[in-house]
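Note that the chains are named A, B and C in the order they appear, and that numbering of residues resets to 1 at the start of each chain.
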Amino acid sequence: MRIADSLLVVGLICPWLVWAGLDENAQGFGEYADQWRPDPMHEYWDPERYHRPESGRVEGVFQGEACLECHLVVTPGIVKEWRSSRHAQAEQPVLCPACHGADHAQLSLPGVKICGGCHPERLAQMEEEKQYGFPSHALAMERAVDSRHFADKPKAEVTACLQCHSVASKCDSCHTRHRFDAAEARRPEACITCHSGPPHPDDEAYLAGAHGQRYRQEGKNWDWSRPLRQGNYAVPTCAYCHMKDGNHQVADKAVWKFGIREINPESAENQIKRKRWQVVCVDCHPPEVGAVFFRALDVERSESWRKLYEVERLLKGLRSDALLTPSARERPPYPMDWLARVFPRERIGFYEGQASAFYNVSAIERDYFELWYFTNLGLYKGMAHGAGEMVRRYQERMDDEVWAIREKVGRMIKKGGVNLVPLWMKGEYTEFNRDHN
Amino acid sequence: MRIADSLLVVGLICPWLVWAGLDENAQGFGEYADQWRPDPMHEYWDPERYHRPESGRVEGVFQGEACLECHLVVTPGIVKEWRSSRHAQAEQPVLCPACHGADHAQLSLPGVKICGGCHPERLAQMEEEKQYGFPSHALAMERAVDSRHFADKPKAEVTACLQCHSVASKCDSCHTRHRFDAAEARRPEACITCHSGPPHPDDEAYLAGAHGQRYRQEGKNWDWSRPLRQGNYAVPTCAYCHMKDGNHQVADKAVWKFGIREINPESAENQIKRKRWQVVCVDCHPPEVGAVFFRALDVERSESWRKLYEVERLLKGLRSDALLTPSARERPPYPMDWLARVFPRERIGFYEGQASAFYNVSAIERDYFELWYFTNLGLYKGMAHGAGEMVRRYQERMDDEVWAIREKVGRMIKKGGVNLVPLWMKGEYTEFNRDHN
Amino acid sequence: MRIADSLLVVGLICPWLVWAGLDENAQGFGEYADQWRPDPMHEYWDPERYHRPESGRVEGVFQGEACLECHLVVTPGIVKEWRSSRHAQAEQPVLCPACHGADHAQLSLPGVKICGGCHPERLAQMEEEKQYGFPSHALAMERAVDSRHFADKPKAEVTACLQCHSVASKCDSCHTRHRFDAAEARRPEACITCHSGPPHPDDEAYLAGAHGQRYRQEGKNWDWSRPLRQGNYAVPTCAYCHMKDGNHQVADKAVWKFGIREINPESAENQIKRKRWQVVCVDCHPPEVGAVFFRALDVERSESWRKLYEVERLLKGLRSDALLTPSARERPPYPMDWLARVFPRERIGFYEGQASAFYNVSAIERDYFELWYFTNLGLYKGMAHGAGEMVRRYQERMDDEVWAIREKVGRMIKKGGVNLVPLWMKGEYTEFNRDHN
């Protein structure tokens, strides 16, 4: 308690203690760099870009042993974590300066590049993802800030998004500092901190299925130091299937892309991806089990897209009849959408640009967005992870929402759309955003 | 990796590998057999009815040792699971052919009958449930497909239902193949794979209460090989109370039937069922604790049914005043409901047939359905498992919904119901379903 | 089974067995004592106030050994729990009569006072909370029953509230009887039985963040007998931060008060509270991490309150224009609200009395209540526990709800509010409540 007490006193009298490393004038980056500014947490989420060394507190150049001596008192938890790591137990221990530098006035926060210096294969695997497009871990940060809606949405929302999308920038999203444990990252908990909630309820899906059931029962007693290889685990976890053998490239089996778009599962490329999946399944199941499973998934996807297209057609009908109110002409275009300033047009459906339709759209367009992005994706995740009860629930939700939209469209046709003008569309939303970005 | 690689190659060149055992012309069964067809997964959900042996891949007759030799390479996970089972460790091991047959061209997938051959007492206990009516595990499959709404709902939804209802047809819903472990089935995870989500949030209820709290803390360290008997577990789990001593009959204590219907807890039959419950409680609590608990449950149930009846009365008033739009005359009857074709009539409330009112009803009838089936049942489950916080939440939800219905009824009376005609009712829904079943 | 069988028989023939200790004429307490009556469970929730000794079943005066002899047969689970406790293992064991008394006809259920007799420091710490105001454990029961809405809400709801609020009255909310284990109470499960669900989704928040991730992975293997002190736990749990060193006073660091009200985080008092927090963070993190974290929290809070105030202004506009229907004049005042009988007035916003606006308000006032009490508080909890994905989700929900209210206000202005009169407001609700309290 004495150390804590003195720290309390220090804290009370030293206001500079509460100011951290992000430059006050730090700028956004990417396509819409001018439209946003990082907040203080960005220093941790994207350290190679935003961390600025502190100065003034402790000065001097320290090699590892001296760091430990002092930090054992100041931050013993970190030292303890590091001591339990392979970094500490190696014949040539990886000491603090290896990642943070030795000059205390110029300390760095390590991002993927510093880790990749010693683990080039893992970094290369992650980088390899980029050829498969989004979604991917490697593209998580840049695709987030380069989205049109990133410039348009309230900053508090997209800032929260970046906390998870920082997986592209640093390794301790999965390997908690300073232990950096492979065993930790093999466990579902490492994944579901981010892979939860709509539109990616992977936790719900995995834990609700038969694989997750066994994991919940027994996983605590498994030997997680064993590689993700056939025979080492009674049932698969997230990483077992998606990162087999510790491969940090998770994209080369991704057929349905989170369920965001319709794809042709029979295309040559997707047939190859599908085979890659089936190779994982046969670690435990006869080959036909995986085959039936993927066939059932395709049937569900095809049926769900039929429903989504049906709703798209209804909305396109409203657009043709000029019943979408406010229309694209009546509301401010996305700031970055230069084309829309000249040719304003409702973008209905994924292929016309639905992915940017979070906000600044009429109520019925938003309804469709939620159907597609939340319910449809949740249903896909449940189906893909064999979570029967969840599938039932999301199937019901999907049908409920389809019917609610149909009903609403019917009323709009009757009333000429008049009754559904949302107040906040009339310029206010975008102005509001501009003022607070 | 070499085996996996060669499997990949095999998979790519052998399309017949991806075709499994369900007969393409397989028919539905039960009262509405003509109205639906099984999908590929039915082979696994109801194997005695739908599994059709594959042929063409491997031929020959094998006794156990030969099976193992090959499958140790092809599907080592399964072999490992079996080796850890009592089947493998018995003096006379129960080898593969005992359940699957020996002729590889005629392999069977075992359902309850094959398991019951060696475990007749367990099968008899489950069968005994049938005398207590639904809900029950033993009736789960046939009651599902014999429901009127099974023929009317979109097939994707009811198919998802069957995944869990397959508990009636096979034993590996709870005892994962090929370990078939009693210890596994004793744990809550074995149950909550299905017993989750509305209308049966048993996972939420159990885990939120004091029993579940202790289980979450310590359950991982309990010795689950011990029978479900007094003194063996610090707090009860699902199976401890509902399947005491491993009794596979779960229905003889069921007083409130999931909360679906109002019952008289004072009837002679229910008094006996209640006493059977109290006998379980006294394993840990003085008798009056169980008594107070059940009294509180009865009070809640009586209060909740008072609310449900109040809403029923409002809806019956709308029906009398011909304000339910569309009325039963205006919408297509359930295909199987011959009587309704001649005498169309809104069925309001459980005793008139609310259990079939998932769809094809007016919006306000659906509201009542959700109040009764989701909120009311969730409240019951919370109360029955002592989950205080959950009870508070569902009480609020119930009252919110009752008030929303009151308000809507008030508006309907004012407007003559005109404003609430749902578009999709006008025949489309049923036609749509017919086309896709 | 023989004991259970005979108990069954006893139960069937002895109706008095099912009647427990609460006096049939027991009265409410607190400011609104006349407005409510305790239900049977109150005996357990507030034993010092409501437990009434049973009589008639077993008579006599017993010292500990005699108690155990009999209860080892009647309630072996309890005896087993006690035997595993420090009470049993002490040199001078704390036997049954120490807490329950020796006269079987006058047995007591112990509340905080009896426990505090031997643990005065812990009781004093809890009592110390009272100087910091609500929320607090120590005030949980009295503030609940002294709330104006306690007298107005349906009793089933507020009764459910009291199950958790009983934490003020007894110690086994966290230390399960009869083991009364400190190790148990140190674990998150002890807290989240109550701290879950809106408006206090602490379980969701903790388990979704990085701390919770590690706990979920490894917590089962930690040595929970160790005190909540630096170096003993890899990551903090609820109690580690909020009850450091086992301090049973949880209020002296509470800056934002659950997010219920806006505060000035720069006030001298809050600066001191904040420093107390930072002292906890430095157990593991360099001081600037805590500082950045709290700064981000303040930014979020300030932004959220800006939104809440914006909505308040909209509602105040409706009030000025007499568009809130029903108005305070048109609906029955809260029974206890004497001033409102003379000067009826909509209370909009926390500072005007929003905390009592659960019910008996117009639809739009309720919308605001839900925004403030459920969404805003959930967002705060996510932010305060570093649960990025949850923050994103609640940020979206908050913005959605703000926009929905704006839209509704726009429609009300257009229509003069006429369309939104809720039926149930016209006196019925309060009457209904009165009849059933």
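Just so we're on the same page, a contact is a pair of C-beta atoms (placed from the backbone, for glycine too) under 8 Å apart; a residue touches a chain by one contact, two chains touch by 3 or more.
Just so we're clear, the structure is a prediction, and the values are computed from it rather than from any experiment.
Which label fits the chain touch graph of this model best, line, ring, star, complete or other?
complete
Is the contact between copies subunit B and subunit C built from the same residues on both sides or from different ones, judged by whether over half of the numbers are shared?
different
Between subunit B and subunit C, what is the separation of their C-alpha centroids in Å?
Each chain reduced to its C-alpha mean, subunit B and subunit C end up 33 Å apart.
Spell out, as numbers or ranges, the residues of subunit C touching 2 or more other chains.
Those would be 220.
Can you name the residues of subunit A that touch subunit C in the complex?
1, 4, 7-8, 11-12, 17-22, 39-41, 43-44, 54, 74-78, 80-81, 154, 156-157, 160-161, 163-164, 176, 184, 187, 189-190, 192-194, 196-198, 220, 359, 363, 419, 421-424, 429, 436
For the complex, which residues does subunit C have touching subunit A?
Touch list, subunit C to subunit A: 208-210, 213-214, 216-217, 220-221, 230-231, 234, 245, 271-272, 275-276, 278-279, 282-289, 291-296, 299-300, 303, 388-393, 395-396, 399, 403, 406-407, 409-411.
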